[in-house]
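Labels for the chains are A, B, C and D, by order of writing; each one numbers its residues from 1.
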């Protein structure tokens, strides 16, 4: 028995990159948070502190900013692929690079009914995300949305569930259902030839998620999630699977009976913790193995 | 010399109230965070623990929920006034009540081009706010907006400033300017007769703030704030003053010259801390004294 | 009637300054968050964007770092006074400067029973604070502690309170009481001659706050706060007043009766929101006016 | 090709459980955040909304509170095992349960040199953690520490690293190194017979992490992490592997040369973002497969 180095990675996390593209007087904004992560033959730095095979995380940061200037950033998936291919391609000992990017949205300010050339307001708290992995000449792309906060004030039930000695919850056929959804969709590998329609897929998936949330008569949050994922896969053949993580943000009917008041689903307390947490994957039966795509930074720890 | 009780107040903070108003199948949502705060003759509880004059904060919370059922919540200013008047009116020893409310926005989800009856998505991170004070039969209302995040990619300068031995900043005539604005507008007291146009004022002030941010050629963030406040007061005669607090969310041009790249205002690092913090009041010269309106919970501590 | 500029201030917020003082091999650490704020004749920059009287916030930041090198930082109150006096003393149009400093604690790591020369671990979440104001040749110092989280599992009652139609809370003579205390103590002005015992006062006040929390049989959180403040003023004649802000972090006895279990104060749910918020001042009857000391950044907005 | 349900789980997240054990007048406090997560045959609820096999997350919450009363909570690993075994053992369709627990520390307040019976102060921001998994009659335990914030003011180097066209970082043989460490240690499976020494392992591992941080002359954060993990495995034969995730919390020497000042490692800017992120596993060469132990909630998403 020996003690050895196991899986390891390193990089620069949360590089806050903002770019302005100037088409004459009309400016275009990109606001990204970029994290890099490299893997490969890195035993020397761990075992002896020999850094000859280490590209400083400061350099990784510089690369993000420089690449944003050397060519247009474009869609976050393409920018991630450029960066990941560069890190793997330029260093012999690096065999795997993962780039994670969050995109923060901005809307063009309207003045006098016209969109302004160079003034913007933040469009909300939700973020478009991607996690790109390059390894062994192959690319995996897992794109997503984070913080999509949704609420329906009816059209949600929860009944017919198990009862054990600790069960006191009453079944209901009309409740508020709210969540702050995280969704991730994995593209089929190998990626299709030609320019990928990352933007169209993002817009289309988001529209499906929102629509299914609204129109499905929910019998369980699990069922809503499955319908979301199924609708997405049916519409987008380029996707292998969809993962959904949904906190059940409880809205409790406030008991007004001590004050002589009825409360037929009108006044709620929005609770913070604890919350239900429902997580589901919807997948194609013939989806290829995710390879390293699901083994990213966030999954590093238990 | 004696040691005595000085200013004091107590209440329930951050009651998370969500209401659903049902107009047949069409539902209307209100999502509020309500904080109550009472002042008056409260020496006994402090000095001896005699609570005979103390309305429990639990009761204050119940009152918020019950009032939301007893009559429609309506606009947050009106709901705050109802609550504040109740607390002062129903307890002899309470002479001042302040209600602070944040309203979180929701947009109706569109499905098939039609707004959905009962499904909503969170509209962003910014919050509509109010702080209502009742004292001595008078009412003060300070309404506002919190977290209005704006960015302009040009049209902002900063030059001609003081130079001292610690000054190395270079003047610029073209920079990114970004902020997450907090604005508060105080209504004239006594409040106008008849239904106040709280909603219209909110929408109009927000539109002015955003417009002035976009159209003013900024020579300093201070100047932008002043123009914002001035435009608001010119449009809304019912307002006494506007307070503005604006972090200068620095976007630094990233130095790409070591890599042989020019960077004419295209690639930026969005920094977290430190940040400039610019705060200004714009007021009518004949504005009445704010009375207790500016001495709220948040101003309690240095 | 005219529209005019009202109260205003500007500065650099949250400068993250860490210093290492090297006494030979033994190092001493200071970890501060410093915010500067200047007031005075600043109409030009607001009204016309003329910045001739504006010291850039970048310069203010540089000054913080340079001053940390030009002389030892020392106690945060002294460092704040040095900075505030510099800003007022070196710029004609600046008549008031406020410096707010939070100090983050570090403990020396022990190795083999000995304190290590240069390795430290963060000592907790609480922060020592000060807010120093210089105006008209006078100095005000309000020091404090933030985030002092305390809990007692008995020795706390709440009974004999008002009952109104919205009251359902039951009186109790044994409850958990927990808070995350913010305390601020204002020094008498003019400050005493000679070196002020800022450190001793800090340690002594903190010890009193903690002790009173533990030993007072609490009949109300208000009463506990008053006893805290009174004990502090009795011990420290150099203080004019103490302000205390205490969230009542509710710990609710969990109802286990549906499961056939008694719960005599053993199992609790620690709730997030809402929370009671109790705020009180204890003062000397002859305390001088606080002047600008209580009108700091945090109190700017309603 | 078909669209099918893939991996899924559900539970109650962040149950805030506080218990008071009363040994006569002396009270003992436990402050835990508990999250439950169940897996198994859950297709029906996803596909059709048939909840007959679903134990409500509300019930899972009740179980946490009830179990805290039915027997002493004890060490968090044992409490997690009790809960996980219950969920798997009492429901036919549940084949895997994971319980994640964070423990928040409290110190007994000292009054007059004596530890107080029932008054406590929060001991800091770091948390003791565990993630327990029961599946197929086996148990996996991954315990850890979160938020262990450490800084050394010398004894850290970074030199000899790769240089590419984007490298401008200068090698250094004396820098500040700071991190907020997350460490997780996986116990060998099957777990040893008899009472496990969870507490002793926790205390011993934490001591080793802190000691190695202090005494290793660091040539790279990677090397420090490896030494930490190796020392832990050498001391604790019951552990299979250690995972370490360490943000490199950069402290940049502030450039004071424009002000005519030297700065030989005395005045630093503590930066927020971006930060290096170094992650490493140290493992026994014969460590058994982690099975489901590493596939927990936090690793769910890319």
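Brief remarks on what is shown
One rule holds for everything that comes next: a contact is a pair of C-beta atoms (placed from the backbone, for glycine too) under 8 Å apart; a residue touches a chain by one contact, two chains touch by 3 or more.
Bear in mind the structure is a predicted one, so any value in this text is a computation, not a measurement.
Set side by side, the interfaces B-D and A-D show unequal numbers of C-beta pairs in contact, with more at A-D.
On a Cα centroid basis, the chain most remote from chain D in this structure is B. Between the CA-based centres of chain A and chain D the separation comes to 23 Å, rounded to the whole angstrom. Mean C-alpha positions place chain B and chain D at a centre distance of 38 Å. Here the CA centre of chain C is 31 Å from the CA centre of chain D. Residue positions of chain C touching 2 or more other chains, listed in rising order: 15-16, 62, 66, 166, 168, 258-259, 272-273.
Within the complex formed with chain A, the chain C residues making contact are 165-166, 168, 258-259, 272-273. Residues 1-16, 35, 37, 42, 45-59, 61-63, 66, 90-91, 100, 131, 142, 144, 157-162, 164, 166-169, 182, 184, 186, 218-220, 222-223, 225-226, 229-230, 233-234, 241, 243, 245, 247-248, 273-286, 293-294, 296-302 of chain A are the ones that touch chain D when the two sit in their complex.
The touching residues of chain A, when paired with chain B in their complex, are 15-22, 27, 29, 31, 62, 65-66, 68-70, 106, 109, 111, 116, 118-126, 148-155, 176, 210-211, 213-215, 251, 254, 256, 258-259, 261-263, 265-272.
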